[in-house]
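Next, two complexes with subunit A in common: one pairs it with subunit B, the other with subunit C.
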Partner chain A sequence: MTAIVETRALHKRYGRRQALTDCTLSVPAGRVVGLVGPNGAGKSTLLQLACGLLTPTSGSIEVFGAPPGQLARVGFVAQDTPVYAALSVADHLRLGARLNPRWDAALAERRVRQAGLDPAQKAGRLSGGQRAQLALALAVAKRPELLLLDEPVAALDPLARRAFLQGLMEFVAEAEPQATVVLSSHLLSDLERVCDHLVVLADSRVRAQGGIDDLLATHFRLTTARRAADTLPAGMRVLHAEHTERQSTFTVRAEAAVEDPSWVMEPLGLEDLVLHHMSTPSAPTDLSPALEPQR
Partner chain B sequence: MTWLTWRQQRTQFLTAAAVLLLATAYLLVDGLRLRHGIHGLPTDCGINQCFDLERVIGSKHNAYLAADALVLLAPALIGAFWGAPLIARELETGTHRMVWSQSVPRGRWLAAKLLLTTAAAVLVTGLLSLLTTWYAAPIDRFDHNRFQPLLFSLRGLVPLGYAAFAVALGACVGLFLRRTLAAAAVTLVVFAAVQVLVPLAVRPHLQQPVHELAALHKDPIRHGSFAGFETTGGRIGPDSRMVAVFDLPDGWMLSDSTLLPVRDATGRVLTLASQPCPGSDQFPPDSACLAEADLYVALDYQPADRYWTFQFAETGLYLAAAAALAALTSWGLRRRLG
Partner chain C sequence: MIEFHIEPRSGVAPYLQLVHQVRQALRLGLLSEGDRLPKVKEVAAKVAINPNTVLKAYRQLENEGLVSPKPGVGTFVSGTLGAPAVSEHEPLRRELSRWLTTARAAGLDEESIEALFRQTVRSPTEEER
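Up next is the complex of A and B:
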């Protein structure tokens, strides 16, 4: 499996503020990757590093096996989907055609039409959802192999959100060559329906990453009579333990569920899994390797 | 990129074109009228003796000032309204993240925008300068003052250099301030300061000035006339220095005062007591005698024939400054946002 984006010990600092700390991750080809984390976790920084708008303070980041900067192969929809207020929708498409050698005019026009945008409309008068659709059309019509979207739906109402994600999924389905998508959000619920891979960021660090199926298949909630964590079988890694007087609840990572009459072991929901990783201040280094997809 | 630059700055460019068109129409017609008015009038008469010529020129005073103001303001306004928003507006609205993620690298984006905007600025200012230089030519020829600091900045080549510099300055300031309005204001202030400082502190030294002990009356072209005696404490005494005004047609006198001490052939400053033409009661001196006396003034000046050397040198200086600012902008674009 080739990695489209690969970072090693990536750090980014703005003055005194550490935006990204010791970030090592890989984005496998052909996946739709959700980048989840609270505001200020470093999501925007990571995406802007990947598209070459920022350069790392230290560490390395490679996109398509080379330092970022292969602009024609990467599409980027920035946070708040900036567009030129004074330019019309049609002007934006012309801009895309002029500035991108692989521009697909038919695709751009189709997307704009499907989104119900009036080509003569000034972009400054579009609603948030329409603006996002325009920014998406601009990004996908350059036929990127990697599409990065920074909080694309954060400012959208539920209907616009659905329309936008639908548009995105159409692109993923039609993309030729196959595209890899990374989209960020502070809400898992925004991403859940479209992603098959997850990267959890919090406090400028990677807290977890992996295929959603793998994550779901290896995280469990284990409820038993009160017992100490170290008495659990060797194959289980305890991520979190809670004890009441009679009962213990463990969040564990294990290769598979283990049947045992003395406990109940049930899969951890994605929401719980992500929340757990976001809120656990434990060092991520001992979590991340264990969470990498095993294939 | 050409299209995008044009599309983004269309309003500014068209406004400039409209102003240029109006100015051209007016100054062309009025310039022809001016030439018609002075046609056949003697132009080699002395100061205050060309009454007809002065009357015609005087009637064009307002148009002359307006044209000069246009050339003076054009580079500053271009710097503030074309240069400053070039990068600052993108950063302010966040559109830099959109446009820099198209397939055109940031360096090329900057180069294209900066070059095209500078070219437009130079074109507009150049045409304005050409127009004004042509319009005012009969007046400038009569006034013989084209080397005078303010007028020098309004004629010939130098406005082109100013325009290029103003655009580069605006872009650079915009990159570092990231606010269009603040960048425009700072650009105006810095540009104005440079425009004041260069004629005062830099231009006089572009070439070593000529120091010369010049005869006050002997030269028919460059000549002076006795102006009086300097008072000390409101009174004239034997030690009061004898002063004269000196006319240096189209040259640039660098002395601070227009009144120059009169000297004898050895360079000694003459006073009321030592002046060679005592009048009947020592004052005033006998004018017929003065006209014959061997009097001198010490001149510190740039001669008239250096005018174009100075025009090229100063234009080059501003173009070099513009190039340096562009390089700084390009470096900052890579570094500061990187």
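Up next is the complex of A and C:
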């Protein structure tokens, strides 16, 4: 599997504040990657490093196997989907056509029409949802092979959010050449729909990464009468244990659920899975479910 | 043609939800041999779901022998579930309904009935023992 974005021991510091620490991850080609983590975890920093707006303090980041900067191949939609308030929708499309060598004018126009935008409208007058649709139209019309989106739906109402994600998925489905998308968001239910790969960041570190289906298929909550974690069958890796006087609740990684009349073993939902990895304080690297082969 | 939906709170992986929906449609007779499944691109754009997820679901259905892709045309239903459609199970349904009456009379509530049913389905039957 080719990696589109690959970082090794990547560090980024702003003054005394560590924004990314020892971050080693890889974004496989053709995936839609969800980037999750609390505010300040380093999501925006990582996206800006990937499009070359920032440079690493140490370590390396490669995009398409080279240092970031091949801007014609990368689309970036910054937080709050900024547009030029004084320019009209049509102006934005003209600007896009001038600035981008691979501009697909027909696609941009179709997108704008589908979103119901008036070409004569000043972008400053658009609603949040319309502005997001315009930003997406501009980003996809340059036909990027890597599309980076920083919390594009955070400020949108549920209807606008769904419309945005529909537009994004349409892009992924018809992208030629194949596109890879990295999308940061707090909305796990959205990410579960649209993403097939997940990177969990917390405290400036990568806490977990892997294919979402693999993560979901191997994480369980096991509830049983009180017992010690080491009495569980081998092959179950206990990530977290909680005990009351009578009951024990374990978060485990296992190849599959094990039926046993003495416990209830249920799949862990994506939300709990992510919360677990976000809240486990400074998890050693081997605890992170890196299901991609370790390098 | 059928329409897909995704329930994010179900705890079932999205691709499996699609697989289940196709199987369910076959069971209910909403899909039959020769029908075309919606195109991957259509499903992705309409349901706002990752196209790889749709592909993965279609591949799984293909492995189960339920559908087969015709390159450039689409994915078509090519098999049946082996079991007759649910609507053809009237005698079984009546028997189950009688059993439910007995269970309720014995004081079992819905949850206990479901738990008992699930437990029994999972444990080996008398003949298999």
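The rule we apply is simple: the second predicted complex is superposed on the first by the 285 of 295 C-alpha atoms of A that agree within 3 Å, B and C clash if a C-alpha of one lies under 4 Å from a C-alpha of the other, contacts with A are read in each partner's own complex, and residues count from 1 in each chain.
Note that a residue touches a chain if its C-beta (ideal position, glycine included) is under 8 Å from a C-beta of that chain, and two chains touch if they have at least 3 such contacts.
Computed from a predicted structure; not experimentally measured.
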For A:Asp213, select first, second, both or neither according to whether it touches subunit B, subunit C, the two together, or no partner.
-> second
Answer with first, second, both or neither: which of subunit B and subunit C does A:Gln166 touch in the superposed model?
-> second
Counting only touches as set out at the top, which of subunit B and subunit C does A:Leu95 meet: first, second, both, neither?
-> first
Contacts of A:Ala137 with subunit B and subunit C, given as first, second, both or neither | neither
Figure out whether A:Ala78 sits in contact with subunit B (first) or subunit C (second), or with both, or with neither.
-> first
So, does A:Leu146 touch the first partner subunit B, the second partner subunit C, both, or neither?
-> neither
Looking at the overlay, what does A:Leu46 touch: subunit B (first), subunit C (second), both, or neither?
-> neither
Flag every residue of subunit C that touches subunit A in the complex, lowest number first.
-> 6, 8-9, 11, 13-15, 40-41, 44-53, 56, 122
Subunit A - residues contacting subunit C, complex = 30-32, 162, 165-170, 172-174, 189, 192-196, 212-213, 216-217, 259, 266-267, 269
Subunit B residues touching subunit A - in the complex, by the definition given at the top | 1, 3-4, 7-8, 93-95, 97-105, 337-338
Subunit A - residues contacting subunit B, complex | 48, 51, 53-55, 69, 71-72, 74-76, 78-80, 82-87, 91, 94-96, 98-102, 135, 138-139, 142
